[in-house]
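Common to both upcoming complexes is chain A, partnered first by chain B, then by chain C.
Let's turn to the complex of A and B:
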């Protein structure tokens, strides 16, 4: 029984029993691209698929689906709370935990369909080589994304429906041959690092794609997009762009679950995930905390523990 | 001789009064420190600190109440957690971590205040001028100046 079939069966039963209003999953678009799908009717569930191009982090749509008023789509509060089901990979399931810990919606509003993930292919979510900066050669066999090569958890941490088989060995072993770019960067001198990052941030066009793709970026008005701010510039000068990227990384400290969606959607190919991974590392060293492993608030919103 | 420009964010309930205490006691500390009075050290957001460095500061000193003495109960807890992580992040992108310092000064500790400012100024002086700010973009700030409170007067920044 394929994962696709299992997801479709579960989605159909959830929609037919009116347990959820919407199932968020993946479908194949008209040009052969795997893309997010929103299923409202039981007869539409055949659109749902599961393959190794399911790269999107669907938890980003949850706030909009479950609380349309807070996300600005509805003027008035609804009488009955909405319910939704979402298909998650192991990494996305950690985002569910972070969102729940931050009280964006109630646990009862959500049905998590957790899928055991064998890794997502590089170039997923794109059509051919039409992207502006990045060029993916048609690799055969297809390469896994860098985040999947680093990933050691294949099983979702939170789920209501579990699809797939628990792997006998937790570590897939894929990650061993990955060149650790983080270590390379940290071995550099401060001046070299400044030059590296300035050359990266220089390409930024402030399109905010990284922010839009991030399930944790949920401010109704982004601090970095306010024209009345006194200390955060909206310009595309190097200083402002650096502040934007560092500030965004800092806002995600202790919350980023490392899905690397920001880096994938970046049209200018800026290695944003390096900043996030450095902070994940730091938060784990200082606070012993890994975002999304349990439904607990991140360290920055709590008081010091020795009190 | 090179004189570092240091911005100090002082909590109004403790460190700012601590600076006063140092003044009343006629303790000497370097004039490199420009004191900024903030309602709580928890108010010093990462954007403020990055902006300060963007504007050409060589060092940023954040002085807060001792843990457990915060006027707002837990403002300095936030600072204590945030600042080291911000320091790591900025160090990762090329700033010397010694240029940002967080310390604790209560209202009666004038001597401690003077000692910390002395130490920090000497540490930053030893590091030399800061290369964080990208000067070619300085002109872009000019059109914003009408509505922007400049942290440093532009003639000091050069």
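Let's turn to the complex of A and C:
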């Protein structure tokens, strides 16, 4: 049985029995791009697919599905808490734990369809390789995304439905091309590191796609966009951008699960995930903590709360 | 018509780069953008289109409008109009068309915007025709064409031995007079050449007419299609015709004891949640569906109604389709409107 079939079957049963109001999964659009899908009717479950272009972290949609009062919706909603199912990979599932620990919605509102992902391809979610200088045909065989090559979970850490089989060997051949970009960063002098990051932020257009694609960036009004206090200037200049990126990285320390979606969505190819992973490394070293492995608050809340 | 060899063109561009701000497609850390180049070696020649349009050169992401100085009891305002000549090389017809659409609002509609207008006057456009259309291009469906020279000052068409040159405006002629370019005559005349210039064109799609959109204001489609929208600003920022901006006075750090601030404007997008929030906190576009609907109505209804051009504010460049992280596709939206209008 293919994963697609299993996901469709589960979605149909959840919707028919009214256990959930919505199943958040993936579909393929008319141009052949895999994209998020929101299924409300059992008759529509055939839209759902699973493939190796399912790159999006669908947990970003959970808050607006489960807590619609917080986010405006076009039509008025009933007061009863909504229920939703979401298809997650191992990385995405860790985001579920962080969101639950931060009380964005109740566990009982959510049905997690966890998939044992075989890895997502480079270029997933895109039409060709449009950001590059020239149109490249897809690599043959397709390369896996860097985060997949680094993945040590492979299996969702929280789920209600489990699709796939636990791999016997977690590291089966995926590690050959692991990027050592963190090592490169560490090898730089502070001046070199400053120059590197400033040259990356220079390209930034403050589109905020990185923030919007992140399940943990859930502040109702982002600190960097407050127009009452104006902590950071409005302009799309280097100082403002540096403040935004570095500040956001610190706000994510201990919360980021390394899904790399921030980096994928960036139209300017800025290595945003590298910055977040640097801080993930620090948190692991200092606190021995990895975000999202359990439904617990991050160490900044637990360790510092006694002081 | 005349043509030039690639080497001659390269030398010419090198000279140009010495004298004016030459902007051309170049690769910055793997991202193709229209940016200043120091010599022709930095130019990328084979591409569909750069990620951002040439809009940046006329309407920068952030721009100072004036400085405000408080000196004792007096307040001194100093306008900071842009200066300096620009030549943009390698402009695609869709980008040049986008500037025409911005011009209709920024320049031709009162009050005229002096910043955009000054930059437009200071800029010469050298176009480069496309040989093929990209997978997401649909300029031909909106009255454009991959080899359309209409909005350029000088147009180049790549041929086997070099580039055929078509001078379109006095400004273009003035540039070629100022900086002479080695050319040879070609045998065909203008119409013969244009007819023979083979350019692979994509199938046309149906564009809903202006009046088809507002009647679908309450269509539940808007909420459905917007559900995956991230409310980022990528579509607006890569678009050649999106032009919303925010204006604010911000303090300037100055050490001379004067109270200094600057009035800046920067890009904004109706996709962001707080875009239409007004004093008192009411937000008529709180929901994503309302915001996404606005984006399309603005392009296909509001702009044609308000601007003298009367066309939709879309050049069919396809950037938004490529750049959207969740595959919200303007051609799909248009197809829906066409379908429900029948």
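In this section, the second predicted complex is superposed on the first by the 283 of 307 C-alpha atoms of A that agree within 3 Å, B and C clash if a C-alpha of one lies under 4 Å from a C-alpha of the other, contacts with A are read in each partner's own complex, and residues count from 1 in each chain.
The rule we apply is simple: a residue touches a chain if its C-beta (ideal position, glycine included) is under 8 Å from a C-beta of that chain, and two chains touch if they have at least 3 such contacts.
From a predicted model like this one, the values you see are computed outputs, not experimental measurements.
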First, second, both or neither for A:237, with chain B first and chain C second: both
Which superposed partner A:111 touches (first chain B, second chain C, both, neither): neither
Contacts of A:255 with chain B and chain C, given as first, second, both or neither: neither
Which of chain B and chain C A:223 touches, first, second, both or neither: first
Which superposed partner A:89 touches (first chain B, second chain C, both, neither): neither
Which of chain B and chain C A:304 touches, first, second, both or neither: first
Comparing the two partners chain B and chain C, which touches a greater set of residues in chain A: C
Common interface positions of chain A, toward chain B and toward chain C: 230, 233, 235, 237
Footprint of chain A on chain B - complex, ascending: 46-48, 50-51, 54, 67-68, 74, 77-78, 80-82, 84-86, 88-96, 131-134, 136-137, 140-141, 144, 147-149, 151
Residues on chain A engaged by chain B in the complex (per definition of touch): 185-186, 190-198, 223, 230-233, 235, 237-240, 242-243, 246-247, 249-250, 253, 275, 278-279, 282-283, 286-287, 299-300, 303-304, 307
Chain C residues within the chain A interface of the complex: 27-32, 44, 46-48, 51-52, 61-62, 134-136, 220, 222-224, 227-228, 230-234, 237-238, 246, 248, 250, 264, 266-267, 272, 274, 283, 286-290, 321-323, 325-327, 329, 332
Contacting residues of chain A [partner chain C, same complex]: 29-31, 33, 35-38, 56, 60-61, 71-75, 125-128, 130-135, 199-200, 203, 205-209, 211-213, 221, 225, 227, 230, 233-237, 264-265, 267-269
